[in-house]
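A, B, C, D, E, F and G label the chains in the order they appear, each numbered from 1.
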């Protein structure tokens, strides 16, 4: 049981989802506990694996499916789950978010998709399976398969939403398929040149045969990276994201928004560092020079678009696009601290986006709208929800006790050390945009400002709200507790950040990333 | 001998596919197209056997050919079925329109 | 009894497909044939009232029918070749739709009849409605040939001897 | 030699089929032409020795893909918008 | 396995130019020809001719219904001929296995003979019910006149 | 817009061609893809490891069985997603038909299909069961099997097919397929190996470790076949009727 | 500021001073709007606990020790560490003692005006005091940054307390300036210090890392100095000062807190900290760009005084006065001499006392008479003699007349300037004192010596007792 913990991470949700599918007829209510239980099981597996990874000598746990052990078979026979610290960290994030969203899902699923609960939970659990698998796998093709698992479930989950969701899903399908195909092409090219699909194996072959100059590998690199960039909704390819997340059911958007893009960033980091290698990725290509500029464009555009939105979910979606820019930038400024920042931001962004979307779901449920105008005076109505929501918001801004501050700190430090001033400036810019966004929201929610901005009531706290609008009326506990849980995770990750960062540092120790510059 | 024969058959089959493709490209109606596709489908079955002969593994490729022979007919059924249905719907529509007028 | 016949036929089919005679594969074959018999044996032999002997007779008659049909097919192809390749044949072309009323009663007989018409030169079954069959014919000559009812008689001989006697 | 010849011809026809499938505006025609594309793909796989893939392509291409596409088109407007 | 075979062939092709090799293979193979193979060969060529007829018919014939005649008949016939030709030609030894393969090939023929008329009929029916009236003699004559 | 969208296509094409220049020669035994220890291991050891003559099946179902499991899951997801989108939807795409016209089943087609369906089904079983020795396997067999049901639906009407294979059962069967696949993996895990380590099944089966892999592969292929069959049919049934399961093609 | 050889003692009292208000918030929130007395008892209690904790540390400091409390290891090399040294304790004393006063005042003020959302007001008031304590006791740049941000955010609800359009605008400016500077200027500066050579050589601790910045190049040092000076925008250096008058819309206790005790003083406190303990006086003196900073500080002093002259709204006038006074403090720090820095430290305390008196008086006037403008104050001195008397004393202290506190600090500043041979700075000091006279004294003079134009508006008496400090 213990030595197979890493396999249980996937087995639990997989079998849970199948169980949900079988429970289609009649017993729909059982799906919720099944989902929660399988998430708990998976989380147990994740924590157990983390223990194993930390306890192991090289900080990796290698688990090969099918019993093709490394001592009697060459590497790449059989599919390997290669859990190092980075992958298990992101896996834990995925599982944690999955568990919290599963807890949260009881009421919204019943209300928003009546009659489809079992389908929903099936897809939900498979989504988590796919995402966790993406993090853990050590095989380039298996990665593709799992990306497809995650993407297809995502399509299904999003399309269950409002009427416009189908059209939004269509965009997502097109772009997602293009991205996945490019990635697949890239993997094919890699295989042609290296003869293996195992990530460690590919890296070894590249090192041994000095394949960095080969045109095939270069093209493969471009294909893989562009494919992943498309999948993660990097700026020019972001068009699907806002519509999809806005029209999706509450639970879907709370699950997908924190995870999908972040996991793809994990894939990018994995590809750059572990598969192609640092030298190949950063030193020998022109990418390092111009990617930060792309990031600049991406962040500025996304931030400006976010500024123009008048609906919470849509605004958050654009914020995600901007955050993706942060992380991509953190990777491509090619720097030790930037990399720490990126990885840590993946974790913290998942936490805070979860927080925000859970909050938005509750707001939607109570206020029946997420448009800014409908939010007047919500604070006095649901103070706990709003507190949770704004903890997420503060984290996105980057205010100290929250985890957002620490990731941003490392990103800034990275930009500083590698002297990428353009990245720094744009980081500051978008931070200010987020300040504006969230304090505008605070004004709306806290001070009951209407969109037109005219004075309401007669001053001195008279907001022109009826008694009913201000009466204490929190959301149901089954939704509120996950939100508070998420908010406290944001704080806890912030407080315990140095433990996380130390783990990340252990992971990055083997890569020769530039650390500092003499001034 | 076998190679030579297979090459002859295969090559000419490919050549004769060109008019069929032309029919698909031009084919005034959908029926022409699906007809040509049907023909190409059966010829694909033959070609598979031909390739099998070239590889000297007919017993393997025959399975594919069987699959084609069994399933190729689905395409024409489904297309005709589709056209039938749309035609019927159109007829009903015209009738109701006429009634209204 | 019929399910068993179906099973045997399917097993024969399996053996032809498989070509392996070891116990493992044959066992798999038996299992699959049982399964297929279970899920879709009612597709074969629609009319279960007929006895086995009658069926055997039908099968034999049908086998005897095949060579004739094959010859017709060859003729049909030569006809097409003539129409397609020679200008004269092309000029002779005079397509029309002919309606015939068949004496055949059972569906399967109608099916064999219709398909035989399709396979014989210059004629294609367009529509079967009850006992009315619309046939697309390429030329006058073929129309006369069709209306003589040779194929119908042959088919009737195989499947519905009773009908023919009545006629 | 034979295989080389086949290869060239299949590829040529494949390109033609692909272009036709993309150019036609009628969705039904497009899906039908796509069936041709799939046949040729199957031949290509077979010719390159990837028999399993060829078989998959054969079953899917001949049996399923056209049916599913047409079934979908049934619920759409038949002409593509551009 | 397939790769090996292919490699051999390629090596053969590379070693010398095309025509002498072809001639050589032809002559050498002619030596150990047997009746069945020659028969199969003839069948194959016959099938090709019929298929050519079908293809030309597909091109030349004036309307869908007439084209259907070409396709529906020429297609199945040529397939039958070619497949049986191939089946005969590729029969290496007369073991049970190779006979089974031959039977399978004939099975393909059977299936095609079952499905081909059906699909022809189905398409005909669909077109007919879709108010595509077939050309009659007069129209055809007009069309022919135009062509001339 | 169409012209602009051509640009990325061309760029990708040029990139691919540019890289193709650098490819190792086709079939070159010294090229990394064929010379790597992996390929040679597969070529020389497949028979030893698994007793399966068809290398492709061995790689798919055993060496990379984990991939295949998730590919099956992908198929399953496709069915579920279509159900999720279409079920109970007023139909974002629907034309809002007020009338339905029924087409009576055609005599010739139904008779042909009657004759063909059992053959197709037995062929699908053959394909599935002989995946070890010849091309084929669960996926292809499943597709052929699913096609047989689709054929029934096409020649009579959807209701006839649904009587034979109700949609509820469809998803049950699909789930069972995955459970079969995963269950074999789980069983081998409980018997002391890794997940999907079929060799451990030799502990409960009266065969050698290699033959255990052989038989487990068959079981796995059956799982794949079940899922694919059910999902293919469910896909067709849902897509052609916008999830209403009435009318349709 | 602090002698490196001082003995370090672990003690929990700094934490108590920091945490007590935070705990109190729960009590305040629990008591809520309905149990007013209980709520305000809580506020009082917390304020007294805090003050006593702070005051009880004086003897330890007097004996030459330094108190530390390790809260949390935030980064690998930078902990969240509370440390009490002389300067910090001075500031903490001022803040905590004045908080008691402010609480007392606030109770009267809020009840007098029947303000809404008083619970929120008291809660955030407590939080901001807690943050102020944190700043006062923080031992490194990171800690100070944490509490600095905490203060910014927690005072936002106080500034926008009125919830009307004016309050929102003020709040926006307030937050815009503060967060912009802290996130965009301060944060890079901090991370610059964090990784300047390699990890492990962080220059963040006020005690251990003083002067490490000297290893940077000259231009880098100047940039860093600018980033820090303008990053702590709470200090109100001239280009970034306009949030301060904008934030005047807040209720008077808040204004008092903002402009006298917590916010602005935190700003200058941070600036002095950075100047004295991160750069160190030696480094500063050797820096080329120093004179520019002095010039900016002087300009701030003069310009703000001039603007203050033209303001009619009493609180706005006081706000600009505050900007000018903050200029003194920064000036003292930029002078980078012992006496200059000492002067500015003293000025922090002196100005806090003086200015809070002025604000309280302004608030008292508003509560009692509803008057906001200087021109309306005619004859008020006779109706509210105590209030206006206090106002007079406060004004004189701010102006810097010899017996009062303001004089001492200005004296030291002048000495510091002379140490640097910057006579022109002394001239500026004198000039600005003159200006102070011009804009502060007229208020009192108007109140006492001008008779009211209308005699019928005599319905109001002294302000409530709570407001009379």
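Here is the rule we use: a residue touches a chain if its C-beta (ideal position, glycine included) is under 8 Å from a C-beta of that chain, and two chains touch if they have at least 3 such contacts.
Remember, it's a predicted structure, so these values are computed and weren't measured experimentally.
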{"item": "Chains contacting each of subunit D and subunit E, listed by label", "value": "B, F"}
{"item": "Chain separated most widely from subunit A, comparing mean CA positions", "value": "C"}
{"item": "Between B-E and A-G, the pair joined by more C-beta contacts", "value": "B-E"}
{"item": "Averaged-CA centre spacing for the pair subunit D and subunit C, given as whole angstrom", "value": "31"}
{"item": "Chain centre separation in whole Å, for subunit F relative to subunit D (CA means)", "value": "19"}
{"item": "Centroid spacing, where centroids are CA-atom means, of subunit B and subunit D in whole angstrom", "value": "11"}
{"item": "Touching two or more other chains - residues of subunit A", "value": "none"}
{"item": "Touching two or more other chains - residues of subunit B", "value": "3, 6, 17, 34, 52, 55, 59-60, 63-64, 66-67, 70-74, 77-79, 81-85, 88"}
{"item": "Shared interface positions of subunit D, touching two or more other chains", "value": "1-3, 49, 51, 54-55, 58-59, 63, 67, 70-71, 74"}
{"item": "Parts of subunit A lying in touch with subunit F, wherever the complex brings them together", "value": "4, 7, 11, 14-15, 18, 21-22, 24-25, 63-68, 73-74, 76-79, 115-116, 119-120, 122-123, 126, 129-130, 133, 139, 141-142, 145-146, 148-149, 152-153, 155-157, 159-160, 163, 166-167, 169, 182, 185, 189, 191-196, 201, 205, 209, 214-216, 218-220, 222-223"}
{"item": "Partner subunit G, residues of subunit A touching it in the complex", "value": "337, 394, 397-401, 406, 408-409, 412-413, 416-417, 424, 428, 431-432, 435-436, 439, 442-443, 446-449, 453-455, 459-463, 495, 497-498, 501-502, 515-516, 518-519"}
{"item": "Residues of subunit E that touch subunit F when the two form their complex", "value": "3, 6-7, 10, 111, 114-115, 117-118, 121-122, 125"}
{"item": "Touch list for subunit C against partner subunit F, complex", "value": "6, 10, 13-14, 17-18, 20, 25, 28-29, 32-33, 35-36, 39-41, 43-44, 46, 107-108, 110-111, 114-115, 125, 128"}
{"item": "Subunit F to subunit D touching residues, read off their complex", "value": "2, 54, 56-57, 60, 91, 93-95, 127, 135-137, 139-140, 143-144, 146-147, 150, 154, 232, 235-236, 239-240, 242, 248-249"}
